[in-house]
Amino acid sequence: MQSLLDNIYQEVFPMLGQGKVADYIPALACVEPRQFGIAICDNEGNVFTVGDADVPFSIQSISKVFNLVLAMNHYGEGLWDRVGCEPSGLPFNSLVQLEYENGIPRNPFINAGALVISDMNQSRFASPHLAVRDFVRRLSGNPEINADRIVADSEFEHRARNAATAYLMKAFNNFENEVEDVLHSYFYNCALEMSCADLARGASFLANRGYSQCGEEQILSPKQTSQVNALLATSGMYNEAGSFAFQVGLPGKSGVGGGIIAMVPGRFSICVFSPALNHMGNSALGVAALTSLTKHIKWSVY
Amino acid sequence: MQSLLDNIYQEVFPMLGQGKVADYIPALACVEPRQFGIAICDNEGNVFTVGDADVPFSIQSISKVFNLVLAMNHYGEGLWDRVGCEPSGLPFNSLVQLEYENGIPRNPFINAGALVISDMNQSRFASPHLAVRDFVRRLSGNPEINADRIVADSEFEHRARNAATAYLMKAFNNFENEVEDVLHSYFYNCALEMSCADLARGASFLANRGYSQCGEEQILSPKQTSQVNALLATSGMYNEAGSFAFQVGLPGKSGVGGGIIAMVPGRFSICVFSPALNHMGNSALGVAALTSLTKHIKWSVY
Amino acid sequence: MQSLLDNIYQEVFPMLGQGKVADYIPALACVEPRQFGIAICDNEGNVFTVGDADVPFSIQSISKVFNLVLAMNHYGEGLWDRVGCEPSGLPFNSLVQLEYENGIPRNPFINAGALVISDMNQSRFASPHLAVRDFVRRLSGNPEINADRIVADSEFEHRARNAATAYLMKAFNNFENEVEDVLHSYFYNCALEMSCADLARGASFLANRGYSQCGEEQILSPKQTSQVNALLATSGMYNEAGSFAFQVGLPGKSGVGGGIIAMVPGRFSICVFSPALNHMGNSALGVAALTSLTKHIKWSVY
Amino acid sequence: MQSLLDNIYQEVFPMLGQGKVADYIPALACVEPRQFGIAICDNEGNVFTVGDADVPFSIQSISKVFNLVLAMNHYGEGLWDRVGCEPSGLPFNSLVQLEYENGIPRNPFINAGALVISDMNQSRFASPHLAVRDFVRRLSGNPEINADRIVADSEFEHRARNAATAYLMKAFNNFENEVEDVLHSYFYNCALEMSCADLARGASFLANRGYSQCGEEQILSPKQTSQVNALLATSGMYNEAGSFAFQVGLPGKSGVGGGIIAMVPGRFSICVFSPALNHMGNSALGVAALTSLTKHIKWSVY
C-alpha cells in the first residue's frame, strides 16, 4: 500500500504548478498552491501517507458528506422529501433548477441541498454549528479539529449567493430556520480544517460498510453506506461527476480547499490534497492522483 | 443462481398490473402488459431464466448501448468531442440543454447523444441500418434477431421531436448526414426485437471486462468496459439514474419497450422484461426485480 | 368625460364578483372584493370620478413607477447600466433570467428591477423609505398619503423570494446596500395607500409631457416621459403586457392591490381600482374598464 | 416632409460603415454594405424618398408582417390559439421557450411564430408560396415584386434551425403541413425583394387605420390595425424591441436584409434600408434614422 502511494505521488508530482487556487474569498486565495499530500486508511484501520498528508486544510464542500451522514442518523427516509438524489446537470450554485423544481434541491451535494441538510441539523442540535465538528472529531479520532474563524467569517461576508439560495427555498417552504443562522453553521462546517490523514480516517466507514474502525462504531447501515456512495458517484464532483466516474470510477467528494476523498468499497478510503484547482473546481493533482490510483490497482467500482 | 432468480420472480410477480405500457406510438401501445421475465448470463456463459425470458420484445433505448459500443470500436477518443459523459439533469428528449450547450449532447444515452452516435455510425458503415443488428446478432449468438418494421415505420412517422433534435444539432454543425437517413437507422435499431436471454448474453461482455463468451472475442478493453458501465451508472436510466444508483446500485440501461439490462461487474449480466412502465418511463417490475436482486446478493457496485 | 366614465362603469359593473383577491399576505387577503372605482385626471387638472374612486387602497407595484421616476430625477443615463429596458418574457418574480443575465434585471417593473431602483434611491436619500411617499404626496397634492404598516410588516415577513432576488443581484455586484434595509423601504412603498383620484392626479404628468398640474412643476422632460410610457407599454402589466397592448393599447401599470393606472398621452391619465385579480395578477374589472375605455374613445396609442 | 427626410439622411449618412452585413447565408453576405435609403408614404398616398430608396433588397423578416396580416384576413380570432401576443424575452430563434410552453410560440414575429403563421397560410392557399408575394404586389402596387430564388434556396439549404423549430412544434401538434413544404414557402417569402418605396407603400395601411391608398381597399379593420401595431411595438425588433420603444417609440419591423418599416399612426409609414446590422441584428443606420425621425417630429406613440 505504501509503495502504491509512493508510485502515485511520483507520477503526479511533476504536475505541481498546474491549476489555480480558489479565490472567491480572500482567506482561501492566499493558500500556498505547491502542496500535495495523500493518505489512505484501509479497513483494518492502518493509515499510509505521503507528502503533505498531515497539513490541515479547509475541507469546504467535503463537509457536505459528514453533514449528510449526521442528518441521516437523525432523520429517517423523510430526509428525502426535502432533497432529491439525482444529478443536477447544472453548476453547483445555480438557482435555475431550484426555481423550476419548487425549491427541492436535486441532491445533498449541490449548495442548495447542503443548505437544506444544514437547516435540518439546525433544527435538531443544541449547538448546531458544533455538531458536524464534533462528529468529524469522533470519526477521525482527532479532538483538535476546529474551524478557521477567519475563513468562516469571510464566507459569511460573501454569502450573497448562498443567501439567495436559502431564501429561494424558504419561499418554497423548504427551509425552517432563519437564513442567517443556518448560513453561520454552514460556513463554520466548510471552514473546518483537517489533514489528509484526518479525512481518510474520517471517511473510512464509507469504504467499510458503515463501520468506523477509528470511532469503533457502526455509523451507517451497509445499505445506507451504499446509498451515500451512490450519491457521491453520481453527484459528488460538481459538474465533473460524469467524467470523474468515466475516468476514475470511484465515489468521491471534492472541496474548493483542494481536498478530495474517495472510497474503494470493501478495501480503503483515500484523501488527496493539493490546493490548485482545475477549471471544474476540483483539485488538479487530486483528480490526477485518483486517476493514477485506479490505473495502478486496475480496479474501479464499474 | 436459478434459485436466486426464482426468489426474485416470486417476490416481484405480485406487482404485475402496476405501471402503464408506453403509448407514444400505436405499435407499442398494444403490447400485452402482463408479461414478466428475467435472464442472467454469468461470466462462464451459463444462462439462467425465469418467466417470459424468451419472448422477443422491442429493445428501444437499450439499443443505445450497442450503438455506442459499435462507435467506440470505430472511433477513438475523438468520439467524445461530439458527445459528453455527464448526466443531463433534464428529460431524455429535452432540447433546452442542447441549445444552451451549442449542440453537444450531455451523454450518449439521451436521445440527442444517441442520434449523434447514430450519425457517426451512419458515416462509417456501408449498410448503416444493419450495422447494429449484425453486432447484436454476433454478441448474443442469435442470427434470427430482426427489427419490427411496423414499429420502426411508426416511430419514423412520429419522428417530429427526434427530427427537431437532430436538426438543432445540425444547426450547430454536430450532425453530418441527412437527418431523415439517420432517423431511419436510429428507429430501425430501436425496433430490434430481442428476448431477455438474448440481451443478457448480448450485454455479458460488460460484466466480463469486455470479453464476450458468446462471441468469443474481446469487444472492448477492460478500461473501456468500465467507462461504458460508468456512463450507464450515471446516465442509463433516464431521469431516474440517481435514484436507481441510490436504490439498486448497478450500471443499467432501460428501454420503453419494458426491458432493462444491468451488470454485476465480474460476475454476471441480467436482463428483466415487463412492459408496464413507472412514471419515470422505466419498467415498473424491472426496477423492482433489480432492487430485489441487490437486496438478495447484498451487493452493489457502491 | 363624466359620461364616458359613467358608461364604462355601467358596462363593466356587472362583472363584479369575477376574479380573486391577492392572498400571498394575510393583510391583503381580507380586502373586500366588491369594490370598483375609476378616476380620470385630464391635462387641465380636472378630476372626474365614479364609484369607489376615493377609497384608499394598497398601491403595491404601481409604486414602481414613482420609484423609477424618482431615481431618474437623481441619476442620469447611468441608471440604465444597472437595469435594462426590455420585456422579460418570464413571471415578474422569476430568478432564472436574472441568473443567466448576470444580475442585471430586464426592466424596472419586474421585482428585480424595482429592487435595484430601490437600492439606488436607498443610496441617495436621507430617509429612503419616506422618499417615495413624499414624492407621491407632492404629485397628487394629498399630504395625508401614508403606508399601511401592517401590510408593510407582513410583506417583510414574507420577504423570502424578494430577499433571494436581492441577494442574487448582490452576488453579481448589482446591489449596494444591506438587503434587509432596502426591502424595508421597498415594502413601505408597496404598502402606500392611495385612492383612484390620488393616483390619477399623481400619474397625470405622464399624460402631460412630464408636467404635473397638481405639483405645478416639470417632473420629467417630454423625452423621458415618452421613455417611461414606452417601458410601461412593453413591461407594465406583468406577463400580460403584450395582450394588454394588443387589447387596450395604452401604457399602464398594475398592482396586486387591484389598481391600474393608464395614460392617454396628451389627454388624460386614468386609474381604475377593483381588488379581484384575473389569472395574470391584474385587476379583472380594471382590465375590462380600460378595454371599454379604448373602445369608447376609439383610440389607442397604436 | 421631403426636407424632414433630407435632414434625417444628412444626419445619419456619416454613420455609413458601421455595423456588419448578415452572413449566415452566402447570398446575403455579399450585399454591398454602403447603401442607405429612406421612403415615406403619407396617408394621402404621397411617397417621398431619399438615397437608395428604389433599390430592391431582401425583405427577410419584414415578410412576417404581411404573412400575419394575410392570415388574419383568413382566420378569425382562432389564429391566436396557435400563437401568442406576448414579447418573448429570448433570441428570435430560441427553442427553449417553445419547449417550456408546449409548442405555442410567444408571438408571430419570432421565427417559431412566423412558421406557425406560414403553416396556416399553407393550409389555406392553392399556391401557398405565392400568396404573400401576390399580397405585397397588391399592397404596394408593384407587379414586378419577386423572390430571389438563389437566396431562397440558400436559406433552405441552411434550414437546420428553422427545421428544428418547425419539427418541435409538430411534436406538440401545432403544425399541420409537411415541414419541408412550409419551409419552402417561408423562405420564398423572406427572399422577396422590395425597395423602400415598395415597403413604405405596402405598409401604409398600418398607419392609415387599415386602409390601403395604393390598393384602394380596407385591409384590416381599425381595431385589427391597432393590434398589429401593438404587436410590432412590443415584439417587432427582435431582442431590441424594448429599447427601440424606449428610444424611437414607433411600431416597427426589421429584417436581416437591412430594412426596417415603422408606422406613425394617423400620418405616414416609413421604410429605411441599409444592410449593415448592429449587434442586435437590426440595421444600424435604420435604427439611427428612426431615432432621428422621432427627435425631429418631436413625437412618438408614447
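For clarity, chains are labelled A, B, C and D in written order, and residue numbers in each chain start from 1.
As a convention for this text, contacts are C-beta pairs under 8 Å (C-beta built on N, C-alpha and C of every residue); 3 or more make two chains touch, one makes a residue touch a chain.
Please read all numbers here as calculations on a predicted model, not as lab measurements.
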{"item": "Chain whose mean Cα position lies farthest from chain B", "value": "C"}
{"item": "Centre-to-centre distance between chain D and chain A (centres being mean Cα positions), rounded to whole Å", "value": "55"}
{"item": "Centre-to-centre distance between chain D and chain B (centres being mean Cα positions), rounded to whole Å", "value": "47"}
{"item": "Chain A and chain B, separation of their C-alpha mean positions in angstrom", "value": "33"}
{"item": "Where chain A touches two or more other chains at once, by residue number", "value": "none"}
{"item": "Full enumeration of touching chain pairs", "value": "A-B, A-C, B-D, C-D"}
{"item": "In the complex with chain A, residue positions of chain B that touch it", "value": "84-90, 97, 106-107, 222, 225-227, 229-231, 233-235, 239-243, 245-247, 249, 251, 265, 298, 300-302"}
{"item": "Residue numbers on chain B that touch chain D, as the complex places them", "value": "94-96, 99-100, 159-161, 163-168, 170-171, 175, 179"}
